[in-house]
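Letters are used for the chains, namely A, B, C and D, taken in the order the chains are written, and counting of residues starts over at 1 for each.
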């Protein structure tokens, strides 16, 4: 286990902070997409409040697709992935650690930014609390499931767009439950059932995704 | 034309120029800012409508004006760099970008803080605040583009073109957002017309404006010097400078 | 008996049979030079031997144990492929330290500096690897051979981008490793000189 | 002086929170910018010094290598 943490986790954090500029880009993309909606739809506070949760979640999914590709592509292209496979560390462990580090680096800033997004879209406090809960439970799910598709497309040259085609259908249940949770929070209705479902999906992904990712990496490595 | 400026194209002279200008700029900036702020906060009369909350104007208006003018200055530096092939101009542009972004952020924050007592919400999609936010995105675009390049020379040129594209778009964005705002006039409650400026209110504003301008110039000279040191790393005068500075 | 045994190995890539029913052994203290034209499947064979790729049929055993289930195989193996396995944003030192952490080998930083010095990389240890030349990056990748105590060296074109002095030096190191009871399988686009000592060869021909 | 006492000055006609918050944040961000700019300047100077030391190390290593080669012959 120590090898995993020292060898993979610290390395990914070090690499991420070497390229600070790339850390900021998905977050700025998210901010800009959210800014488009008041300009495109209407700045009226009531409209924004109604479409708010959906806008934030759709923007989060799109921005995650952008930064997801970076998960294995660099290691695949420079040969580090081969060295991981021959290092004796379980590949599923490597995959799990890489996904968690990727979640920390690209989704934590999203959680930090969410109050600003909630302010832009005029969400009430209860809606914001529900939004944060769904984001905390939902974004790791995005990372885990996304990493499987990234593992499969890492060998292809232009995997970016194909990744979106693969993942968007898979993210739809998460989008539905997350936005319905925030909407019922707006109406002061309990939303624990939606959170429970998202939590269940997360646990399922956390348990099975690393093995699927390891397998997909072996397939694209072969 | 402009021959007397040409020697400053050589980066060492530009470095020395920054060094000599810097203390004066810091001096003027501090004096103007202190006088302007104190005068605005304590001695300027209240606004008959908004009471004392209007005093935020003494930061919001100067930073809003200067955020726009810094971007224009950036574009001018880019144009000069492009037309006369001055590397120093590109470096000045890159030095200015973060300062302009900070000014835009200040304008946004103070605008939101000023709007809260009036409209009850921290953020309203008001025409001026929205175009200010888009200006912040333009700044971030230029800074991110420059950061993405490994070869700083190339990065400077690319960011320069982006700055020029941005400056052409600023009026377009401004008027389209104004039009968008009138289109949805009913929707938002933003009567954000600045209060009628009585002369004794105006003076501290102008002083603060000068103070902010000197501040921007001073920080830009500091950042320009650091950019020059980075870009001319292998020049003997930079090596001598680094040894003298004793930053071992 | 210890050593690598390959039996009945067949590999098919994009439904073209690269090689069929390949049998050979590699005993400690032996250097095997894999020869063959481009596209003959040299790299694929090496990847199958290390376990990175699955063969169509056949088996690779180490100490009479299939490599998939053998614990000691991976810790006794170093594989250097075409790609150097170094991340451009990190420095050579960082790359090697993380690689050692992944393989669970403890080497002090001064030890790493010493190995890099023998490879003529003084002063280049702390700058991002992308700023190094291809030959220097190849040397950083090669330094792994002396950082991790491994018996089996599986090397794919180790001499690429190395200068003449580098090649001669590396061949001498091969001879030394083989004399100490190590095993090496390597491919090379130019024949091995006598510096590398006695070596057996295996030829793969191009099959349509 | 617009305000009769210092406490009413602080009170700022009921808008104390907004006025002082915006002034504090603005001058705070400006101070951070100044500090970051000077720190960046120092770090660039330091990287020049480090670069020079690195080049010396490389020269010295080459010189030693040249010396040791001459011994072998």
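Quick note on the criterion: a contact is a pair of C-beta atoms (placed from the backbone, for glycine too) under 8 Å apart; a residue touches a chain by one contact, two chains touch by 3 or more.
Being a predicted model, the structure only gives us computed values, none of them experimental.
Identification of common neighbours of chain C and chain D yields an empty set. If each chain is reduced to the average of its C-alpha atoms, the one that sits nearest the average of all protein C-alpha atoms is A. Summarising the inter-chain layout, the chain whose CA centre lies farthest from the centre of chain C is B.
Centre-to-centre separation between chain B and chain D, using Cα means, comes to 19 Å. In this assembly, the C-alpha centroid of chain A lies 35 Å from the C-alpha centroid of chain B.
The geometric centre of chain A is 33 Å away from that of chain D, both derived from CA atoms. Chain contact topology: the protein chains form a single closed ring, every chain touching exactly two others.
All chain pairs that touch, listed by label, are A-B, A-C, B-D, C-D. By the touch criterion given at the top, residues 37, 41-46, 51-53, 55-56, 59-60, 63, 98-99, 102, 105-106, 109-110, 113-114, 116-117, 215, 219, 222-223, 225-226, 229-230, 233-234, 238-239, 241-243, 245, 247-248 of chain B touch chain D in their complex. Those residues of chain D that touch chain C in the shared complex are 54-55, 57-58, 61, 65. Chain D contributes residues 1-3, 9, 12-15, 18-19, 21-23, 25-26, 29-30, 33-34, 37-38, 40-42, 44-49, 51-52 to its touches with chain B in the complex.
If you check the complex, the residues on chain A that touch chain B are 20-21, 24-25, 28, 31-32, 35, 38-39, 42-45, 47, 119-120, 122. Of all residues in chain C, only 117, 120, 122-124, 126-127 touch chain D in the complex they form.
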